[in-house]
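Here come two complexes built around subunit A, the first alongside subunit B, the second alongside subunit C.
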Partner chain A sequence: MRRATRRRLWRLSAGAVLGAILLYLTIPSLVVIMAAFNDKAILSFPPQNPSLRWFVKAYNYDDFRKGFYNGLLVTGWASAIALAVGTTFAYAIDRFSFRGKATLETILLSPLVIPHFTVGLAFLILAAQLNVTRTFSLVVVTHVVLVLPFVLRCVYVSLKNIDTALERAAVSLGAPPLAVLLRIDLPLLAPGLAGGWLFAAILSFNEFTASLFVTGQRTQTLPVAMYTYIREYADPSLAAISAVFIVATAMILVLADRFLGLKRLLAIEAGR
Partner chain B sequence: MRVQRSPFFYWFVLPSATLAIVFAAAMIALLQYSLRQHIPGSLVVGGFTLDNFARMAKWVYARVFVDTLLLSFYTALLNLLLGYPLAYALIRSRSAWLKGVIFIATIAPLFTGDIVRTYSWIIVLGNNGFVNVVLKELGIITTSLQMLYTPFGVVVALVQYSMPVMVIILAAAISHIDVDYEKAAASLGANPLKVFVNVTLPLSLPGILSGFITIFAWTLSAFATPQLVGGGKVNMIANMVYNVGFSNFDFPFAAVLSLTALGLTMGLLTLLRLSVRRFEHVGLH
Partner chain C sequence: MSGDNAVRLEAVSKRFGPVTAASDITLDVRRGEFLTLLGPSGCGKTTLLNLIAGFVEPDRGDIYIDGQRVTETPPYQRSLGVVFQNYALFPHMSVAQNVAFGLKMRKVGAGEIRARVQQALDIVHLAGLGERRPRQLSGGQQQRVALARALVVDPKVLLLDEPLSALDKNLRAEMQVELKQIQRRVGVTTVFVTHDQGEALSLSDRIAVMSDGAILQLATPAGVYRRPASSFVASFIGNVNRLSARLAAIDGGTARVEVAAGGSVDVPLERCGVRTPGRDVLLYVRPESLRLAREGEVTAALAAGTVQAHVFQGTHVDVYVDCAGLGLVNVRAASLDTAERWPVGRRVAVQGDMAEAFVFARDEAPPT
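Take a look at the complex of A and B:
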C-alpha cells in the first residue's frame, strides 16, 4: 500500500516537472499567437477584443511581401541545388572510392560546425572580391552550402538502406546502368529525397544570420525583413507573421512525421 | 586507390567538387582579409599585416569573448538539466500521447526560424510583456521586472533556442541503452532512483557530454537572440562581428573575430571527439 502511494507521488512530481519544462518551451509560441489576435498594440491578459488587423497590416506591408517572394525564389533554387548536389555526393560516397573523397566530405560537412555568421562574412568578402555583391546567386550559394549537410545525411541514410541485391538482380536481367539508377535506385530513394528536400527548404526559408550578411535591400529574404521591422517598429504585425510561421511549421512537421517518419530522419530512434 | 570506371563517376562527383571549391574560396577570402590592413572609411583593404590579430588582446574585444563563453556555459548547463527529463520521457514513457506532445513541443521550434523564436521572447520578457503583465495582474509585483536586455533574459531565450538539439542528442543516447540493464538492477532490489543514478545516468554519459559540448559550441555562434533580446546591452561574438563589419566597415577585423570564433568552436569539438572516445571504452559494450 505505502509503496503504491509513493509510486503515485513520484509519478505526480515527475509529471509536474515535465509539465513545467514543456510550458517553458511552448509559452513563447502561445503568447505570440495570443498577441497576434489582440486588437491593441500593447499586450493585455486575458486577451480582449479579438481582431485580425495585425494580419491585414502584415499582409499589406511591402517589405514582407517582397521578402516572402525573395525567400521563395532563394529557397526554391537553394533546396533544388542542394538536393541535386547532396544526392549525387551521397551516392559517390557510398559507391565510389576516389582520391580526395575524405577532404571533399570534410569541406562539405563543415558548415554544420562553422558559425553561420562566419560563413556569411566569408561569402560577402568573396563576393566583394569578385565584384558580385548582393545578387541573388550569392544568397543562393550561401544557402546551398549551409543546408547541404542535412540533405546529405538524409539521402545517405536511405541509400544505406537500399538492398543492393535489387540492383544486382536488375543488372543480371540485362538492365543498363542508367536504367538501374533511374528505375531501381531512384524510386527506393524517394522518401529520403523528399525528407532531404523538405529539411533544406525549411532551413533555407528560415535562415537568418548568414542571410543578414549576404542580402541587400533588393535581395532581402523574409527573416531579414522581419528583423529590420523589429528594430524599427514595435506593433504586433510581427506576432501575426510569427503565428502563421508557427502554425505552418507545426502542420508541416505533423505531415512529415506521418509520411516520412521524422524520428527516423532525425536519427532519434536509431537502431530500432 | 582504385579508380572507379562507373560511367557516371564524373556526374556524381563534379557538382559537389564545384561547390566545395566555391566554399573553400570563400573561406580563403576570409583568411586573406584577416591579414589585410583596414583603411578607415574605405572598403578597399591595404597591404598585409598582423595588426588585426594584435587588436584581439584589447579588453573591449577580449571581454566579449569571455562573456560569450560564460553565457554559453550557463546555457549548456541549464539545457542539460531541463533537457534530460524530456529526452528520458520521450524515449521511456509508455504513453504515446505524452511522447507526441514532447516531440512536437521540443522539435517544432527547431524549424520555426531564429526571428520568430527570438521575437516571441521579446513579447514574453518585455516590460509590458507576458510575464510582467501576468505578475502585475496577480498583484505579485507593482513595477515591471527588467528582463529584456539582461544576461538573464538572453540565457532564458538561448536555452529554449538550443533545447531541440540537446533533446535529440540525449534521446539518441538514451535509446541506445539496453533496458535489460535497468531491469536487472531493479530485479536485484534497486529502487527506481538507484537504477537511474547507478545504471541509466552513467550509461548515458557519452550523450550528456556530447550534448553539453555541442550546445556550448553552438551557443558560441548565437546571433539573433543576443542581438534582439540583448538589444546591444548583452553582446556576444557574432554581434561584435556584425557591428565591426557593418557599423565600422572594418571587414579585416571582422574576419579576425570570425576566425577566432571558428577556432574556438573547432577546439571544443575536438575536445568532444576525444572525450566521447574515452567514455566509449568505459561503456559496457
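Take a look at the complex of A and C:
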C-alpha cells in the first residue's frame, strides 16, 4: 500500500517536472502568439482586447511583403543549390575513399560551429572587394554555405542506410549503372533529399545574423526587415508575423513527419 | 574443351592490399552441378563468388561463363542470379516488383513479366504474396523472394552467398531441403558459399574447401569427409579426434602408428600423409569409427581412459573419454542407453576401426 502510494507520488512529480520543462520550451512561442492578438499598439502580455488588426497591418506593410518575397527567392535558390552540392559531396564522402576525406568533411561541416556573423562579415568583405554587395547572388551564396552542413548530414545518413548489396543485387539482375541510380538509389534517397531540402529551406528563410551583413535595402529578407522595423516601432505587428512564422513552420514539420517520417530525416532512428 | 563447364576460373588471383583473397585459383564448375565453396571467414570464398559475379575484377587470370570469356564483362551483362546473405530485397518495391526487376531490365513485355513472376513465386511457394512489401515478410519468406528474383531471369549460374546464415536453426534446415529441391527442379548451375560444413555436406554435388585464398581440395561430400587431402580439410569437415602419435614403421600396405597413450594401430598406407618413420604425427579418427570396450577385455586397444561426459544427440550419444596423453577423445555410440552402460567415471578401453582413419604430420613441427 505504502509502496503504491510512493510510486504514484513519484509518477506525479515526474509528470509535473516534464510539464514544467515543456511549458518552458513553448513559452516564447505562446507569448508571441498571444501578444499578436493585442488590440493596443504596444507589445504587451497578456492581451486585453483580442484583435486581428496587427495581422492586417503586417500583411499590408510594404517592407514585410518585399522581405517575404526576397526570402522566398533566396531560400529557393539557396536550398536547391545546397541540395545539389551537399548530395554530391555526401555521395563522394560515402562511396569513395580519397586523401583529405576527413578534412573535406570537417570543412563542409564547419559552418555548424563558426558563428553566423563571422560568415556574414566575411562574405561582406569579399563582396565589397568584388563590388557585388547589393546583389541577391551574395545572399544566396552566404545562405548556401550556412545550410550546406544540414543537407550534407541528412543525405549522408540516408546514403549510409542504403545497403550496397542492394546496388549489387540490381546490377546482377542486369541493371546498368544509370538504372541503378534512378531505380534503386534515388527512390531510397528521396526521403533524405526531401528532409535535407526542407531543413535547408526553413533555416535559410529564418536566417538573420549573416543576412543582416549581406543584405541591402533592395535585398533584405523578412527577418532583416523585421529587425529594421522593431528598431523604430514597437507595435505587435512583429508578433503577428512571428505567429504566422511559428504556425507555418509547425505545419510544415507536421506534414513532413506525416509523409516523410521526421524521425528518419533527423536520423534519430536508424532508418531501414 | 570448356564446353561442359558453366563456369571456369583460370589461374585467377586477387589481392586486397596485403591480403591475398585468391591465389592462382583454377576451378571448373560443371553444368547443372551444385558446387560449394567452403571455408572459414576470410578464406576468400566470397571473393571468388564476387569474381564470378563480376563485382570484383581479378588482378590476374581469366573467367569464363558458358565458355565465353567474361573477365572484363561488367556484372550487368553476365546474366547471373545472385542471392545475398541479407537477401538485399529492394525495400521500396513490392515482392512482385522485386521479382520482376531483372525481367524489366531485360525489356521483357509486361504480359510475359506477369506470367513469369507468377511462375517464379509459385516455385518458391509464395503465390499470393506478390503485393506485399519485403519488410512484411518473415526471414524465410524474404529468402524465397530473393531466390525467385534470382531464378526468374533464367540465369546461366546461380550464385548463393551464405543465403541461409541469417535464418534460425529450424528454418535453416527446412530451407536447405527446399533449396536443394528447387535447384534440382530448375537444374541451374549453382555456386554456393558457406562456412557451415554441415550445409556444404548436405547440399553439394562437389565441395571446394578453401583456406587463405586457395582451394585445398575439390571433391564430393563423401570424398572430402572420408579422404581429406590435408589436415586442414580433415579438421574443418565433420568432427574428428586428433590424437598425438608417432609413425613407427611402414610395412607393405600399412603404416604402423603408435599413439601417445601407448596403443598401436595399423592405418592403410594410402591414408597416411607421412612417409618418414619416426616422425611425430597426428592420427585423425572420426568419433563414429571409435567404440568403447571394458578395460582389459580387449587386446588391441587404441587407448584407455575414464568416461568424462555424455552428450545426448537424439540419434546417437557422444561420449567423451579422458585418456592419458591424448586429452578428451570423442566416441560416438549408437545405442541410446550408453550413459547407463558406460557411466561417468568408469574406466574404459577405446577401440577403433582404422580403415577410415588418416595420418598427417603435425601442423606445428615439434621442437627437436
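Assume the second predicted complex is superposed on the first by the 253 of 272 C-alpha atoms of A that agree within 3 Å, B and C clash if a C-alpha of one lies under 4 Å from a C-alpha of the other, contacts with A are read in each partner's own complex, and residues count from 1 in each chain.
Simple rule for what comes next: contacts are C-beta pairs under 8 Å (C-beta built on N, C-alpha and C of every residue); 3 or more make two chains touch, one makes a residue touch a chain.
Just so you know, these numbers come straight off a predicted model, no measurement behind them.
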Subunit B and subunit C placed together on subunit A: clash or fit? fit
- Task: Would you check which partner chain A:169 touches, where first means subunit B only, second means subunit C only, and both and neither mean what they say?
- Result: second
Check your understanding: Of the partners subunit B and subunit C, which touch A:17 in the superposed model: first, second, both, neither?
Key -> first
Per residue count on subunit A, the busier partner among subunit B and subunit C is B
Should A:202 be classified as contacting the first partner (subunit B), the second (subunit C), both, or neither?
-> first
Taking every C-alpha pair between subunit B and subunit C in the superposed model, the minimum, in Å, is 11
Note: overlapping subunit A surface for subunit B and subunit C spans 272
Counting only contacts in the complex, subunit C reaches subunit A at residues 53, 55, 74-82, 84-86, 88-92, 101-102, 105-106, 135, 149-150, 153, 159
Per the touch rule, the subunit B residues reaching subunit A in their complex are 1-4, 6-9, 11-13, 15-17, 19-20, 22-27, 29-30, 33, 43, 82, 85-86, 89-90, 98, 101-109, 111-117, 119-124, 128-130, 133-134, 137, 160, 163, 168, 171-172, 175-176, 192, 217, 220-221, 223-224, 228, 237-238, 241-242, 245, 251, 254-255, 258-259, 261-262, 265-266, 269
So, in the complex, the side of subunit A touching subunit C is made of residues 163, 165-166, 168-176, 179, 183-184, 187-188, 272
Per the touch rule above, subunit A residues touching subunit B in the complex are 10, 14, 17-18, 21-22, 24-29, 31-32, 35, 42-45, 84-85, 88-89, 91-92, 95-99, 104, 107-108, 111, 113-119, 121-126, 128-129, 141, 144-145, 148, 177-178, 181, 202-203, 205-209, 212-213, 223, 226-227, 230, 238-239, 241-242, 245-246, 249-250, 252-254, 257, 262-263, 266-272
